[in-house]
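Data first, discussion second: the structure below is written as structure tokens.
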Amino acid sequence: MPETQPNAGNATGTLLRGAWPAIVCIALLALVPTLSAMFDNPFLIRLFTRVLIFAIVAVALNFVLGFGGLVSMMHAGLFGVGAYVVAILAVHDFDGAPLWIFPGTSNLAITIPLAIVVTALVALLSGAVSLRTSGAYFIMITLAFNQMLYYFFVALQKYGGEDGQQILASLSFAGFDITKRVTFYYVSLAVLVAVMLLFWRLVNSRFGIILRATAQNERRVVALGVSPLRYKLAAFVISGAITGLAGGLWAAGQQFVSPADLSWIRAADFVVMAVLGGMTRVWGAVLGAVVIVLLEALLPNYTQYWQMPFGLIVILIVVYLQGGLAGLFVRDRPTGAH
Amino acid sequence: MSASLFIEQMLNGIQFGVMLFLISAGLTLVFGIMNLINLAHGALFMLGAFLATAFIKWTNNYLLAAVLAMVITAFVGYVLELLVLRRFYSRSHLDQVLVTFGLILVFNDIVRLIWGVVPVQFRLPQAFAGSINLFGDVQYPTFRLLILAVGLLVALGLYYVVVHTRIGMWIRAGASNRPMASALGVDVGLIFSLVFAAGAALAGLAGLMTGSISSVQVGMGDPVLILALVVTVIGGIGSIRGAFVAALMIGIVDTFGRVLLPPALGSMVIFMLMAVILAWRPKGLFPVHA
Amino acid sequence: MATPILEIKALQKRFAGLVATNDLSLDVMAGETHAVIGPNGAGKTTLIAQLQGELSPDGGAIFFNGKNITREPAHRRAHLGIARSFQITSIFPQFTVLANVALAVQAQQGHSFRFFGSAWDDSELLGPAREAMDQIGIAHRADIYAEDLSHGERRQLELAMALAMKPQLLLLDEPMAGMGRQEGQRMTQVLANLKKHYAILLVEHDMDAVFALADRISVLVAGRTIATGSPEEIRNDPAVKAAYLGHGG
């Protein structure tokens, strides 16, 4: 999915040009359950479910990071909010005790949309404060908000505190059991593809163009008669909402949530995924998520001190891989105009 | 809340605030002068704590151990600046965040490699092991009082150096207008190294102070780093005075928040304070760059 | 008698003790090209920034079509019909020329909370964008990335973006800055063409262009106008000669 710009003729004819790494990547991801069955290796499907869900976050984050120029360090926090919404409602369903006046529920058809709405609200409030600033201030404030959300869930003793919360109720989606490994994997893959299409439409819409223009030259956007704050805030809320969706899926897939899901290290991991993937394309972040999740899963097999090579890899990426992985596959600029 | 509990908590809050100031001072100056977001500053804090415990075991002399720990932390900071961070001054804040994030992971593993994953105990000196009577009925641990006094002294000394001396004037000139400072003939490279090493030493001191009253363990710098960022942002990036005011404010509000409010709220109160202050003054309380 | 489209009354702006705009009054009539000249540091760009809304004045008032806009934010002034071209070229380097101008059209059309539908093949945007590019003579570079343009072409793009905003008043901040002789002459022609359709406040150092284009000229020294009049009057004004033209200008 190239991020197109107007050209002499057909924008639609060039729709898929340059997107082949993404298509190949999605096709390979679709094969994982088959491979997992073939090698009788259920770990594979678990690992790649993680890849898919983190990829959703990375794509959503890159919408504000790569296209909006906003370095958010609180997407782990938003992810956790979505996850806890699903988990807390499931706990109340299992216990039979209402949450204030609301009954709990294990129906994901209710809890996932709720996760999206609640996370969007948190993004709206935190964005309204942090977007009043810019640059380094924005990075530090979002990092602080991430930590605030982390401590909030650590302090919630009722839902496991620091140890986290197991989901014992059996989750369903309006009566359908989607939590079986393979089903859940394909559901996650479908959500990822839908999210990629959504953001691809967004970055080429009038809205997305204002966002991208603001990242390039905010002063000029104001002079053209646009007040950019509303657009940045809307983008942050949309990105947050999708991240909440991913969090909800995460809770459903793991049947477990904990404050560790919100740690600031993970917030930084998400940023690494987006940067590594290549920030100028919607699909780049998927490649970043694949590589980072696999590294984090495989490195500990070789050494107990795996964070050191991981940290060095992060540093090398910043120094040497300016265009990200997407830039390695597709050398032309982010456009279908050529 | 009784008067004695109030006094005790107030002392705790000030002591926490002073510690936060020591770690924030380097962070805010490095940001103000070099325009660098250094997340790895928390790793220097951790290093100071580990080095101090090791030197105490080795020399059995607290003062010597503290000085050695600070000197070595300063040296590590100096080398870090010279070899790695100097290359990133002109890069984007995003690149700086990622590189210093990578450095944190590396530092954490180095410390884990040397000292292991089990928290290390910091042995208190015998003379300061007990507690002391304050204002009649307030019992306060002597050692906490000592680090409060040391921290306050260092903080005031730093404030004096930055605000009232020639080198402090250069540093402030660098923080508010870098091209101007170099045009005035200030050796900017030297100032950078100096500020970075001094910031590292102070972070190390804050680390050993914290380590002596809680435990010394891998990753102990991360949560403190984020509090230091909050202090820096509230105070106004690059402002020593702002960092001092904000650090005391955060230290006291956090301490009382944890005592007076329900846990979920108490742990969030300083971040809410930050949000309110920034909604009111987006550039912090004492903005340096007009 | 013609009515002023822009009226500036006793404008004041100070920066940390330095007076940048000092009790400045000026007007631009409908259809008029009013040039503002003056030595470096006279406060010309500061004046433009206050008119566009990027800087807010410390005192005085600005009227646009009789409406007091002194406290209106910049983006609202753009919608009222004030377009600025920047002295230091300010464009969107990672967009094509056409995309730059289409963005200006889009901004002019009102809010951009349209989340779906590709803006890149929206004839509502591309049509007016091509028109503006034709007017400036940069249509042949439509598909070039803005960062790949020559300096002169960037200045033209700047102007095309200003036109795409369908303005009533153009604030042009040194449109010829950094241009070679030939490019400058071509730009003068473009501006002579625009002059027929828009009221223009022109800040420019190139005196040939100023005297060729301006209906009236104001001379700005140390933040205040020392003279206003027809090109002929200004050429012969002794105070102007002493303060400005006399110094080898």
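A few remarks follow.
We just call them A, B and C in the order they show up, numbering each chain from 1.
Here is the rule we go by: a contact is a pair of C-beta atoms (placed from the backbone, for glycine too) under 8 Å apart; a residue touches a chain by one contact, two chains touch by 3 or more.
Note that the structure is a prediction, hence the values are computed from the model and not measured.
Ranked by distance of CA centroids from subunit C, the top chain is B. Among the chains in view, A has its Cα centre nearest the centre of the complete protein Cα set. In terms of their C-alpha centroids, the spacing between subunit A and subunit C amounts to 43 Å. Work out the mean CA point of subunit A and of subunit B, and you get 32 Å between them.
Mean C-alpha position of subunit B lies 49 Å from that of subunit C. Under the contact definition stated at the top, not a single residue of subunit C touches 2 or more other chains.
In subunit A, no residue reaches two or more other chains under the touch definition. For subunit B, no residue reaches two or more other chains under the stated contact definition.
By the touch criterion stated above, subunit B contacts subunit A in their complex at residues 31, 35, 37, 84, 91, 93-95, 97-99, 101-106, 108-110, 112-113, 222-223, 226, 229-230, 232-233, 237, 263-264, 266-268, 271-272, 274-275, 278-279, 282-283.
Against subunit C, the residues of subunit A that register as touching in their complex are 4-8, 11-12, 201-202, 204-210, 212-213, 216-217, 219-227, 231, 234, 333-335, 337. Listing the residues of subunit A that touch subunit B in their complex gives 65, 71, 73, 126, 129-130, 132-133, 135-137, 139-141, 143-145, 147-148, 151-152, 154-157, 264-265, 268, 271-272, 275, 305-308, 310-315, 317-319.
Taken together, the subunit C residues at the contact with subunit A in this complex read 52, 54, 73-79, 83-84, 86, 90-96, 98-99, 102-104, 106-108, 112-122, 125-126, 142-143, 145, 161, 165.
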